[in-house]
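Both of the next two complexes hold chain A, though its partner changes from chain B to chain C.
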Partner chain A sequence: MLARIRRWVVRHRLELALVAPMATYVFGLTLWPVCKAIFWSFSNQAGELTLANYRQLFGDSRFASAFLNTVFIVVVGTFSELCFGLFLAWCLARNFKLRGLVRSLLLVPMGVPTLVSAINFMYVFDNSGYLNELLIKTGLATQPINWASGGLRTLLMVVAADMWKVTPSVMLILLAGLESIPEQLYEAAAVDGATPWQTFRRIVLPLLKPAITTAVIIRGIDAFRIFELPLVLAGRNTPFLATFAYDEYQTYHNIHTSGAASTVLLVLILVFAVLYLKAAKEGDDLA
Partner chain B sequence: MVKLRKVTALALSLLLTGAVLAGCGKGNQQQTGSGGEQGGQSQEQRTLNVVMGLGEEEWQVMREKIFPKFEQENNVKINAYQVEASQVVQQLEAMKNAGKMEIDLITQDNMHLPVLVNKGLVEDLTEYKHLIPDTAIPGVVQVGEFGGKTYFLPYRPNVEINYYNEAKFNEYGLQPPKTWDELLQVAKTFHEKEGVGKVGLKLNMAGDMVIQIVEFIYQAGGDPLKLNDEGSVKAFNFLKELYPYLNPDSAKADWNTTNRFIAQDSFYLAANWPFGVGIIVRDGGKKEIKAYGGWSGPVKAAKLLGGESIAIPVGAPNKDLALKFAEYLMSKEVQETLAAELAWPSYRTDAYAKVEDWQKPYFEAINEAMKNAVPRPPVLYWDELNKAITDAFREIVLEGKDTKATLDKYAEVVRQAAAKYGE
Partner chain C sequence: MSSLTTTARRRAVAPSRQGLGPLAALLLILALAYFLVPVYIMFKVSVSSPGEILRQFPAFWIEEFTWRHWEQVLTSGNLWAPLRKSLVVATGATLLTLALAVPAAYAISRLPPRPRYAAIIALFFTRMFPDVGVALPIAVTFLKYNLLDTDSGLILAHTSLVLPLAAWVLVGTFNTIPRELEQAAEVDGASRLRALWSVALPLARPGIAVAAIFVWLASWNEFTYAMYLTLGKRTLPLLTYYYITRGNWFQSAAYSAILTIPVLLVTLFLQRYLRSGYLSGSLKG
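Take a look at the complex of A and B:
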């Protein structure tokens, strides 16, 4: 057995050497910290195994709030980004003047660091920000609206900021899907007298399904990890799973509860990741 | 050709692996290399690794006016690193666990001291207490004492002063509030006249907020360690009453953003640390922003003593030199420079000779606040207390739950935390 392993190692030494840097990187900077966080979540300060951290977590109203807020962002945010991204992709799939320039401009938010975009939106949603100024000047509001006061309006503020940042990536995925639909199908639909809505409903949407699935899953995974935007825009009044874990670790130095919150987040992301892999496989089959 | 490609790929791969391993390895060489051979100085020159959490302007003063003299006199190169107070614990813990402490001295935020003692990360400096001069403010020295032992040497006391916009106060015929009743009245008046609250508190659900709540509790004669006594109940009830008249930006106000909110006229009245004087008044030109010592509660005036203290990490490689540097930082000469250049209050009563005229009213406010300053309770369960106060605030003030019942619940949490640490 040992001899076989040795032979295998000798035969694949080059491949192993090539894989080593990435393996070291992934193991050292991803797998090991993740395993450690999971271990912390199931242990106490004395290093004994316990479920107390999870009991504490699930009895904490702030965690429940963080969980619901995160789910809201995933569902509403992803859906909004998908609708808006599809609309933009649909527009960009047409031929019009300056299409290249418009496409480039629409991709700009992808190059802006999340923290910078959060600061930009802080100027928009501040009490003395541009949005309140606009609402007051147009008579839609008499007093500045406190967008960070918590509840639905704060969540919608975060969704709006998140949409600006990530819709271009959704748009790109959907645009690639749209451009892969053969032109002849549109021509055939036109010959048969289909309206634009019928063409969209009966031809575009079904053929775009793999791209939509991919976009939804990729965005879903990403949305679970939302961190900088709510922290900057909403402060700690509106917790999310990632900001909750950060707070437990950073503010209260409680690595065990932080580890438990991170593990819950990891499980949620893994569920999404599994769905993504499944969907991607189905997408390949469809292709 | 194929063989050459394979050899090149293998070499690059090994190089990358080596780089990853080197990156995870020690950074010691880089530190000594930056100072040890500089300027062709003596090979015996030593290196002192120091960790501080300072702003850009503060670093400039340190590097240009504080470090050079010590370096010259002791033939030492100071490698100073910027580490935020909240990160210091993790950094020291990692070095200690790795058995390779590389830091010789830290200056740490007074609000983060107990966890350092609790985790056994700093040296017991009781035998060096004689280095503290007689002119030190006693309360500042007490901040560094835990369980009768001195772990931290005084260096930079700090106390929040109350900034107010004199022009706006004059416009509405108001005076800076000296009592809770006046504070509520001022908050209501601004709210009524401007349509939005103009009094700001730091209610960011983090340490800044807890400092202010603890001050309110002390002002009402309460004890934050009990949390459900009469004074604590009074303090939370008052915050509940005051909250609707506060500026909404209070939720995002911390030690940093408060300066911006004051400078941009979001807040006409707010407490913050004295470093804001340089930013708001000197750099921002907002001369209408004045300061005073603060308001009293139903029982007394009280401010929480903040600032930074000096500590030496357990296993520091140059402990003797670090102690010498600590003594230098505590000297009258250094303290005078820091007061004049950075408007830092001094822990010494004899260090204000170099303060400029325009700064004097603000230093008067600092001294007024310092008179009422009380050290934060030196308990090892501060993190748990911090969380309990934050959660209690959320439930009572934001969610409108019953004050006494909620405080009873969190008083029990605090009691259990105290018991866990044997206090």
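Take a look at the complex of A and C:
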């Protein structure tokens, strides 16, 4: 066994030497810091091991709401982005005039930094902003709505901003999936007399599954880490796990609770990725 | 009669042979408005007189065009130091990232399938770490070594952030270059490194360029690490955020526009490279 490993290392020594600098860098500036944050979360200032940081977090109502808000954004945000992205990809897979122009225009949010998209939506959702103006002028509301006041409406505001920034990328992933479905399958379905809905449900959706899985995993992971949007739009009233961890460090200078919040976030992301991949796989076996 | 009913029934047709129905077209127009109006509003606010924005019903169309806020941005002197820092950090992070990722990505693409797959999964795995969990220990370490607020500190941090994404894109690039081309050079007496340098690298140039641009933009936009690692010397995104916390709508609109313009131009020019494989690493929420 050892001899085999040695032979393998010798045969691939050039490859290993070329990978080594990057591997060292990733270890030193990503993996090691994460381990340190996890260690801090289980220790106190004297360096003794303790669960006190987690006890403090779980007794903190701000942390509880940060946790729930983050899960809400992941579930509702990712699901809406998936549906919206699927609709846009479905439109772009069709043949119509100005299709190229529409595609380019739909990609505009990808060219806007996340921080700037938060600022753009601040102008829209402000108390005397454009959305309230639209709602009052169309008679849908009589009073200006305070979108940042907390609760469901603030979460929906963050979802709207997140959807704006991210749906184009989801759309591109799904469009690539749609375009890889061979045309003959549609013709075969037509010969068998399938309706458009049956074709969508029985042919397009199953074949689109790998693209959907990619989009959900990538989107879900990033939605857990949402930072700029709530920082600018929601303020302190509506904490999320990432902004909570930032606040613990920057405002309270507590690296231990900040590390604990990051660790909870990391565990959530890992559980989400593993469970989703497993569910997607089991669905495959059934189909 | 029976033939009439079968032709009248709606049949499934390949989407590329279909047009848009009126309902879908209407929804698509609404979607376009949703995507474009916020960007318009940002540019509009940056060239509007305060009177038409800071009132109960802000004006949607430009009523009174003014360069005042842009003049303030360009003449106040606050722009240049952050702009310099952002440019230096983005360029430095791009160079360091390429120096590390190009050789590594080449090597990964030349490994046997199983270790290659393991390396790609490991790269993806690092994308799961929350930024706040990585930035916190880096900030504490940098504090100890006086790297907070420095260009080089932020270059080091941004490189760690974008390295997996760059390697991901580059592995894809090198995968498309057949190993046989290098082997032909080796038959002619070139060493493997020489074959990499004179055969594989020139062929990979377009992919390297795309990776470089993505990395540069990721660093230019980056916010979370910059927040943790900055005390006083802000980058451009931090300066923009500073004006928001000060409640200055017009300055933040103008700075937002400065921040956006390069990213928007590059995104639209390079849109054919925005494929799902590249996106895997570059999505950010």
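The definition used in the following text is that the second predicted complex is superposed on the first by the 258 of 287 C-alpha atoms of A that agree within 3 Å, B and C clash if a C-alpha of one lies under 4 Å from a C-alpha of the other, contacts with A are read in each partner's own complex, and residues count from 1 in each chain.
By definition in this document, a residue touches a chain if its C-beta (ideal position, glycine included) is under 8 Å from a C-beta of that chain, and two chains touch if they have at least 3 such contacts.
Note that this is a predicted model, so its numbers are computed, not measured.
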Fit or clash - chain C, chain B, common chain A: clash
Which of chain B and chain C A:P33 touches, first, second, both or neither: second
Partner chain in contact with A:Y25 - chain B first, chain C second, else both or neither: both
Touching partner for A:T142 - first (chain B), second (chain C), both, neither: first
Which superposed partner A:T251 touches (first chain B, second chain C, both, neither): first
Chain B versus chain C as contact partner of A:F58, first or second or both or neither: neither
Which superposed partner A:F79 touches (first chain B, second chain C, both, neither): neither
Partner chain(s) touched by A:L265 [first = chain B, second = chain C, both, neither]: second
Partner chain(s) touched by A:H12 [first = chain B, second = chain C, both, neither]: second
Broader residue contact with chain A after superposition on the shared chain, chain B or chain C: C
Residues of chain A at both interfaces, chain B in one complex, chain C in the other: 14, 17-18, 21, 25, 128, 144, 250
Touch list for chain C against partner chain A, complex: 6, 9-20, 24-25, 27-28, 31-32, 34-39, 41-42, 45, 54-58, 60, 100-101, 103-104, 106-108, 110-111, 119, 126-141, 156-157, 159-160, 163-164, 167, 192-193, 220-221, 223-224, 227-228, 237, 240-241, 244, 249, 252-253, 256, 259-260, 263-268, 271, 274-276, 279-280, 282-285
Complex interface listing, chain A residues touching chain B: 14, 17-18, 20-21, 24-25, 28, 62, 126-128, 142-144, 146, 148-150, 235-237, 247, 250-254
Partner chain C, residues of chain A touching it in the complex: 12, 14-19, 21-23, 25-26, 29-34, 36-37, 40, 77, 84, 87-88, 90-91, 93-96, 102-117, 119-124, 128-130, 133, 136-137, 144, 162, 164-166, 168-169, 172-173, 176-178, 183, 186-187, 189-190, 193-196, 198-199, 211, 214, 218-219, 221-229, 231-232, 241-242, 245-246, 249-250, 255, 258-259, 261-263, 265-266, 269-270, 273
Partner chain A, residues of chain B touching it in the complex: 6, 9-10, 13-14, 16-17, 20-21, 24, 86, 89, 115, 195-196, 204-207, 247-249, 251-252, 264, 266, 383-384, 386-387, 391, 394, 398
